[in-house]
Amino acid sequence: MPWYVELLRAVVGTIIIFSGVAIVAAMLGVLLERKISGWIQSRIGPTHVGPRGVLQTVADTIKLLQKEHIVPRNADAVIFASAVVLVPLAALLDYVVLPFGTTRWGPLIFRDLNIGVLYFAATSSLIVLGILMAGWGSNNKYALLGGLRSAAQMVSYEIPIGLVLITIALLAGSLSTVTIVTMQAHLWFIVTQPVAFLIFLAAATAEVNRAPFDLVEAESELVAGYFSEYTGMRFALFQLGEYAEMFAMAALAVTLFLGGWRGPVLPSVVWFLIKLYALVFVFMWVRWTFPRFRIDQLLNFSWKCLIPLALLNLVATAYVVMVVQR
Amino acid sequence: MTGEAIAFYVLAAITLSAGTVVATSPNLMHSAVALIPALLGITGLYVLLNAEFVAGIQVLIYAGGITVLILFVIMLTEGGTGLHIRQRNEQAAVAAAVAAATAAVLVAVASRTPWAHGAGTLPSYTPGAIGQSFLGPNLPLFEGTSVVLLVALVGALLIARKEIRE
Amino acid sequence: MLLDWGYVAIFVVVGAGMVSLPFAIIALLSPRGTSPHKRDTYESGMEPIGQAWSQFNVRYYLFSLIFVVFDVEIIYLYPWAVVARSLGASAFYSIAAFLAILVLGLAYAWRKGALEWS
Amino acid sequence: MITLGHYLVLSALVFGLGLYAALSRRNAVAMLMGIELMLNAANINLVAFNKYAAPGAMQGQIFALIVITLAACEAAVGLALILAAYRRFETTYVDDLHLMRW
């Protein structure tokens, strides 16, 4: 193909992914979050804007667009401003390697990179930097403490996620996400790797700072955590980053364990979305089921429970793959 | 200009300008933050050099790990209070001369030497090739790194912990 | 392969543009307040005392230190994982030795209480 | 056409920046950042030589991985030392840390 066609494809693909994630993950995600929270707590949730309140997040976004954006006097303006671009961008970069479905011409993916899951791990590790920068740049005690807690938590849970990624790469013999889905044609990896699936879900919940691991933005202690000082659209961009990362983690879990886009009768993209939303529902369900961890419990849970378990699981898998099956 | 050349010059510009901020900024925190684009620029160069695996590792370890450590330590020590402290020592002029001279010699050597081009092609799948090599001829290296890491962990914990207990 | 990464590069550039797009909108739409307290640091309505940029618990550093070492160990497992299927039992034992040393590090940190928060 | 020379020149410049930072900075953490830049410059060389001078072998990339590993170890231990020194002497400025024993 000539270079300008490739360029056009890349630009259009990017715009589709960005607006898709902003609408499907962030706007719909916030709405779902509120509706499901309401349902679990026997409330109704938002009702006023649009039929049954479905346009609530649209209204919220428009409201946020009209808000003034304020840089605190004591803040470090450069770091304060760059953090807000880094966090959503790093979260959205994850979507490059996520296969959404399949068509006659091949899998529906932005780009099937050779180092697929490693790329995912690398880009999501950039979010930690954005959060630290936001916490520091605000020069606000709540924000700084929230940012630090968040960073300590996220780095602790990157290790179990990495170990799980390696376990799956070992089974599939590849780092490419498309190959991993293809290898699940007969058997989803959740069947052979239930422990890894549970570790991944727990670690992913913590990695995206969600309840019960949400002490980073424990409202009663730290206001809004590292983005306390951000107003208007900047606040919305952090929210976008958080929801995008949550959906990316759920989509990665679908890709690694639930056979990705595979499923009978319905089109592949629909299957992918069904599985994705099922996992997102689990995330939201968990939020209202477990009480919040303390920071020591949180770090202990990763280092003393998830990591040894993930290591054990990896060695057992390696033993089966490399010794028993040969 | 080809795409490769454009990419090279853009990445080189990012790396060098961010590197300049790292080396000269009077604000420590800005230096540390500027390290991120510098490292990411170098990551891009690895990609251009067909070393995607090294590129991934560069982001994961350098940007996601070492930079976080550096940011933590700056926050733990001087932090924002270090803003008004002189950051350059008395040898700054000498240091600049030495650094410029070293760079000049290296540039001269690099651009004058007729570098031989090796035969063969890069393996198309670098993680696989690296894995083969690590479990084949480079096995001692592979096991050795884990010992080095263990020693580093023990040493760093000893140093850091001792101070806490006192 | 370079083409793949060209796509990623476009993704980053266009993506950064799209993330910055709202700023153009708020520059047009947003109101401009003049209150002097607008730019105060938020501290639940109190006047902030001192700078936030002060020192905090060293534990955060300890955890990130252990994290970096483990992160580095883990990167060596990626290239191994993709070729493991084609290798036999001997490769399993060499990786088991590698992981054993890793576990030794974890056990040391655990034993020395570096994984305790208190 | 980008050749090996381009990468080597770039790496020499990055090395110069790192050297300048390591020599002229008073703050130990900033010196460490300079050292990281120098290590990265070396890594660019290794990977570039791997592609242009010995494409068949993976030694350059493997060595780059080892350098990254050692850089991580160096950062972990070095920063722990800086932190220990800070907790005792309340400074991270190396010209204030001139006593071998306390």
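In this document, chain identifiers A, B, C and D correspond to the written order of the chains, with residue numbering beginning at 1 in each.
Assume a residue touches a chain if its C-beta (ideal position, glycine included) is under 8 Å from a C-beta of that chain, and two chains touch if they have at least 3 such contacts.
In this text the structure is predicted, and so the values were computed from the model without any measurement.
Chain C has the Cα centre that lies closest to the mean of all protein Cα atoms in view. Two chain pairs, C-D and B-C, are weighed by contacting C-beta pairs, with B-C ahead. Rounded to whole angstrom, the centroid-to-centroid distance between subunit A and subunit D, based on C-alpha atoms, equals 33 Å. Put simply, the C-alpha centre of subunit C and that of subunit D have 20 angstrom between them.
Between the CA-based centres of subunit B and subunit C the separation comes to 17 Å, rounded to the whole angstrom.
Inter-chain spacing, taken between the CA centroids of subunit A and subunit B, is 28 Å.
Among the residues of subunit C, those in touch with two or more other chains are 1, 5-6, 51-53, 56, 58, 60-61, 64-69, 71-72, 75-76, 78, 81-84, 87, 91, 95, 102, 109.
Residues of subunit D in contact with at least two other chains: 65, 68-69, 72-73, 75-76, 79-80, 83, 87. Counting partner chains per residue, subunit B shows two or more touched chains at residues 3-4, 48, 50, 52-53, 56-57, 60-61, 64-66, 68-69, 72-73, 75-77, 80, 125-127, 130, 134, 145, 149, 152-153, 156-157, 160, 163.
Inter-chain contacts occur between A-B, A-C, B-C, B-D, C-D. The touching residues of subunit C, when paired with subunit A in their complex, are 1, 3-8, 10-12, 14-16, 18-20, 22-23, 25-26, 29-33, 38-44, 48, 51-53, 56, 59-60, 63-64, 66-67, 70-71, 74, 77-78, 81-89, 91-92, 95-96, 99, 102-103, 106, 109-110, 115-118.
The part of subunit B that touches subunit C in the complex is made up of residues 3-4, 7, 44, 47-48, 50, 52-53, 56-57, 60-61, 64-66, 68-69, 72-73, 75-77, 79-81, 124-125, 127-128, 130-132, 134-135, 139, 142-143, 145-147, 149-150, 152-154, 156-157, 160-161, 163-164.
Of all residues in subunit A, only 3, 76, 78-79, 82, 113-115, 118-119, 121-123, 125-126, 128-129, 132-133, 136, 139, 144, 148, 151, 155, 158, 175 touch subunit B in the complex they form. Residue ranges on subunit C touching subunit D, taken from their complex, read 58, 61, 65, 68-69, 71-72, 75-76.
Considering their complex, residues 1-2, 5-6, 9, 51-56, 58, 60-62, 64-69, 71-73, 75-76, 78-84, 87, 91, 94-95, 97-98, 101-102, 104-105, 108-109, 112-114 of subunit C touch subunit B.
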